[in-house]
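Beneath this line is the structure, given in structure tokens, with notes to follow.
Labels run A, B, C, D and E following the written order; every chain starts at residue 1.
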């Protein structure tokens, strides 16, 4: 279900002007504070009526100002995780969670409550009211409330910002599952490139109310001008080969074998692995005697000097691209040139569980 | 309480009429229910179809108005009671005064107010103004008059000592120990104080006439006199 | 408690107490739904003529009660245009019945009720209502499940104001439905009658105390309810 | 507008209009600070006897206006305990003066004002007040810089209710300060007088219209102010 | 100014029981959602009166329940950045920012408004009201409001959670400056170990209302049980030697030279560098021909197997410890043993600007 977002809206000191169409899956809105992410998402939810525009999920039109059509918000069947929670103060956590279910059509089977509660770790809070929750607990309940409303479209505005790493790692796979199994379109705001890599089918990089880049994450994440030099990463497609007894999983990529801490998925499953450009070490000769288990061979496709002391070296590995961020001094010392064969060294443990997704 | 006769009566009749009603009940076995309020309210309510059987007005003008609008049963109007207007003072031993144009009413007030009922609206106030005018006292005393919305309230100002003097009915003054009657207005200084009664046009109560007659029966007259009312011959 | 009261008061006074309680309860209960709707409309809608509605609601507060009573009499009396329609079409007569006293009390109390509820509605964060909307609740459901529970303290406050006003209402009642013992003689009217009687002050004071006690009891109850509700909402 | 009105009305009626406006304005203005303090105390403090204070504030609403007026007379009359002290120590006399009418109107309007303001205070998020406290604002400053601006719509609502009630107040006023043309004859008293005599309806209607117009003007103004304030606070 | 925090408080399903004393500087509260961080900080601010306890900054007592003493909150002179903003809705951004200044004592010189406004990038918002701000803008104003109140103690509850990486990197140095130049004690809640490493003088790791660990960040961050295995890092003390023309700075550490993207500080300045354990590669032999510029020599002090497929290898480098997180397979392949000499390989660019602080 493609998502059409064509919108124009002006505030006193800010103008949003967007016209993009995103393919089915998770569309991540990425961009600095004040770039218009919440404004855009509010328009999709029907909380803001934009000056002009058209919003549609596949052929289901939510808004078309030209045709003077605007679906009321309660008919949009949206699960919106608000940036500021917005829990109902007079309802218990359980009642908050089940609120949307009262209004869900009879013929849909919503997620089971228990499953969501367990994933979010809020079982002990069910009878409390929001005023007695911590900040992170509130955001978890807000996520649960949106997921349990059997939505046809999920909007999530920095849902994980208030959570610790461990909790994030537990919740991220859930969004993946929604994307893959239930195929609910998701519009997801995030500042964290880890989340982008993990979830995004499409990334929209917003800057000052305009689209700076749009595309699959492997392209947008590789684009320093869209995500910032330090956030550049590659996404490698990999197939699970085997899970070894020492806790490592063996993956096959276009560039050779990868050994990573146990990943989910039976042998044969195709997954994608985010490799931060700054985690990759390059060597002209095949290195030996290192604790790093992963050594991938490739050809230097391009060397892009950045504005700082570092350059991005793009390796072609099979049909894919692996980006390394190295210092200019190292480029000189190793006299790296496009066309050379080169080895990329990658620590298994540098790839965090959050970096591995489907 | 469902009664046989519903009487709309002027507030100033409150106790006396209750006793008359009780006597009537004792005699006939029927029950009369009294609604006490201002006569203006009652008259308007009757014009709007109030289920009253008998109307006893505090003055003739509202009875006249009902007669004109056809809300009274023909030939049932009776003047049942009269009253006297008195000048009262706060306290127990105030010397009486003579009411004529030489009376220094303002001086007697000592800077205080003369307490009356509303001089354009409430009968006691209307009669009082007439009397003061007739005596040539009104123009001097007018700026010192404090008007209340009924006689009882005017009496209360004097009883509490908030106003040194007041003009009320003799019937009211009689029951208040904190005031002394220092003069009675001559009957000819104001229009006759008459409380008329009549049966309403829409009354269907078979006992209405019996009650109306009872109001001027000897039993009732005794009670009226007891409360200080004049009973016309 | 009723027993003790009934013993202390004479039967006529007791009758007035019971009548007043009935009149005030009905006046409050029946006007409540209208009060909530009116308050909501005034708080959240914009439409031409809104200020006219607003003014109309406040009329009984602005005009002397006697005038309100007189207008009620003109409109709802048996010969009044509305009264006639009510009687002929629905068989409802309010004139000179306790129901009419309840109408007068309700009309007089209405502006107080509406203001309190309206203030409460205006204090509800529209963001919560929006959130409920995104979760599929239609405007009516949003109102019932979010706005209404959140304004409960305001509704309680508005109802108690209205109830207290209804218990004390005098001028409009006596002008509209007269002062008929057992039918329309509420406590304030009984107090008025007693004050006409020499030596009636004792009875008046007794009734005044009773009316204060009843209203205070209602007040305390409402405070208690409001605090419970507020505690639930704030979650502490 | 005043000119046209003055021409339409007789001089006595015009006098009543001006007096009413003065009485209602003073009643509202003078009771406002007390109303705010009382509302704050009732909304935010817990102390023994709180419910007694609460009941006391509501008394004028519960009791028939005439009784309230009578009690005022007993307390504030020249011979009353409070009245005597006021007169001898401060030289203030309210009995039979327009100031007394203002006192009566203020007392009758007080519960309405307090309820509206209290409701507004209860709707202020204590978390904002806490935040102000951490930034160094003492409780008084917190009130002045955070609570007060946030409850302005409630204060406006409370004041307009009080003003409207003061414009319409009749029973307590006439019982307390009686009806002295030019001193205490406010519009409702003039209207009452006119209604007592057959054929007085026309004059009464004229005055009623004027009092409604004045109160409506105040109402519209208050709505306008409240909306401006609300817009500023919500930032849109 | 030491910070004494001795507190006991019970909620329905939660008990806080803490008794610690932290040395002057920034004390970071670190711990999962619901572990009691906000509760603790609220007690310090005077927003929550704990069941029992004593709170003191040096000899300035804020609370002592035994002595029945409780300083009212407005006398505590606290700059509190709340987890949920709590901006005054009726005031403009400028008025919000200056609010605390009205109440600051006459004899203190508060931060200049312009400086804070510029750092936070909120110059264009000064005349707006909070309702017209984006989520991140609100949290920036909240930070500014606290800083501008001339506080004697700063409490910050996840102040940067809603911000993008670039903005975080701009604000962090400001907190450092407060710590170093104005020496305001700071109590700082964070889920991000980067912020911990950068700012903390002392870290308190909370778990379920109790103190799991307290100590200097190099110790607490090296403790997998306190911060979680994936967050383990070392903090190396380093002296700036020179800034080179190619944008790299040369640092001297106990373990040898380090080359990092330009750091702040004149030659001679001593700084500290956070090195995530998962960014370190080990080699038995001195490696050659790698793009990684930093090769530090040390002796294996300890090998701590974790619960997953990885182990932590602690190298003694001079008087300091450098931790590497490597797979068990690599430990076996290289037959690493305590006492062996070993080389640690570290990419320059793996150290983010946020990882370098004073």
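Here is the rule we go by: a residue touches a chain if its C-beta (ideal position, glycine included) is under 8 Å from a C-beta of that chain, and two chains touch if they have at least 3 such contacts.
Note that this is a predicted model, so its numbers are computed, not measured.
Peer 1: Remove chain E from the picture; does the complex fall into separate groups, and which?
Peer 2: Drop chain E and the rest stays one piece.
Peer 1: Using the touch definition from the top, list the chains contacting both chain B and chain C.
Peer 2: A chain counts here if it touches both chain B and chain C, which gives D.
Peer 1: What's the chain with its C-alpha centre farthest out from chain E?
Peer 2: Farthest by centroid: B.
Peer 1: Quick one: chain C and chain D, Cα centre-to-centre, how many Å?
Peer 2: 20
Peer 1: What whole-Å value do you get for the distance between chain A and chain C if each is reduced to the mean of its CA atoms?
Peer 2: Roughly 57 Å, centre to centre.
Peer 1: Centroid of chain A to centroid of chain D, CA atoms only: how many Å?
Peer 2: About 60 Å separates the centre of chain A from that of chain D.
Peer 1: Nearest whole angstrom, what separates the Cα centre of chain B from the Cα centre of chain D?
Peer 2: Averaging C-alpha atoms per chain gives centres 35 Å apart.
Peer 1: Counting only residues that touch at least 2 other chains, which ones in chain C make the list?
Peer 2: Expected reply: 66, 70, 192, 195.
Peer 1: Which chain E residues touch at least two other chains?
Peer 2: In chain E, residues 84, 128, 132 touch at least two other chains, as defined above.
Peer 1: Among the chains present, which pairs are found to touch?
Peer 2: Pairwise, the chains that meet the contact rule are A-C, A-E, B-C, B-D, C-D, D-E.
Peer 1: In the complex, go through chain C and note every residue touching chain B.
Peer 2: 15, 66, 69-70, 73-74, 77-80, 95-96, 174-175, 177-185, 192-193, 195-200
Peer 1: Spell out the residues on chain E that touch chain A in their complex, using ranges where they run on.
Peer 2: On the chain E side, the touching residues are 11-13, 31-34, 37-39, 83-84, 124-125, 128, 132, 134-137, 140, 157-158, 161-167, 191, 228, 230-231, 244, 246-248, 259, 261-262, 278-279, 281-285, 287, 289-293, 308-310, 313, 324-331, 334, 336, 345, 347-350, 352-353.
Peer 1: Using the touch definition from the top, list the residues of chain B that touch chain C in their complex.
Peer 2: 1-2, 6, 8, 11-12, 14-15, 33-37, 41-42, 44-45, 47-52, 150, 152, 172, 175-176
Peer 1: Mind listing the chain D positions that touch chain E in their complex?
Peer 2: Residues of chain D touching chain E: 127-128, 130-139, 141-142, 145-146, 149-150, 232-236.
Peer 1: If you look only at chain A, which of its residues touch chain C in the complex?
Peer 2: Chain A reaches chain C through residues 45-47, 72-80, 82, 84, 86, 88-90, 99-100, 102-104, 128-132, 145-146, 149, 155.
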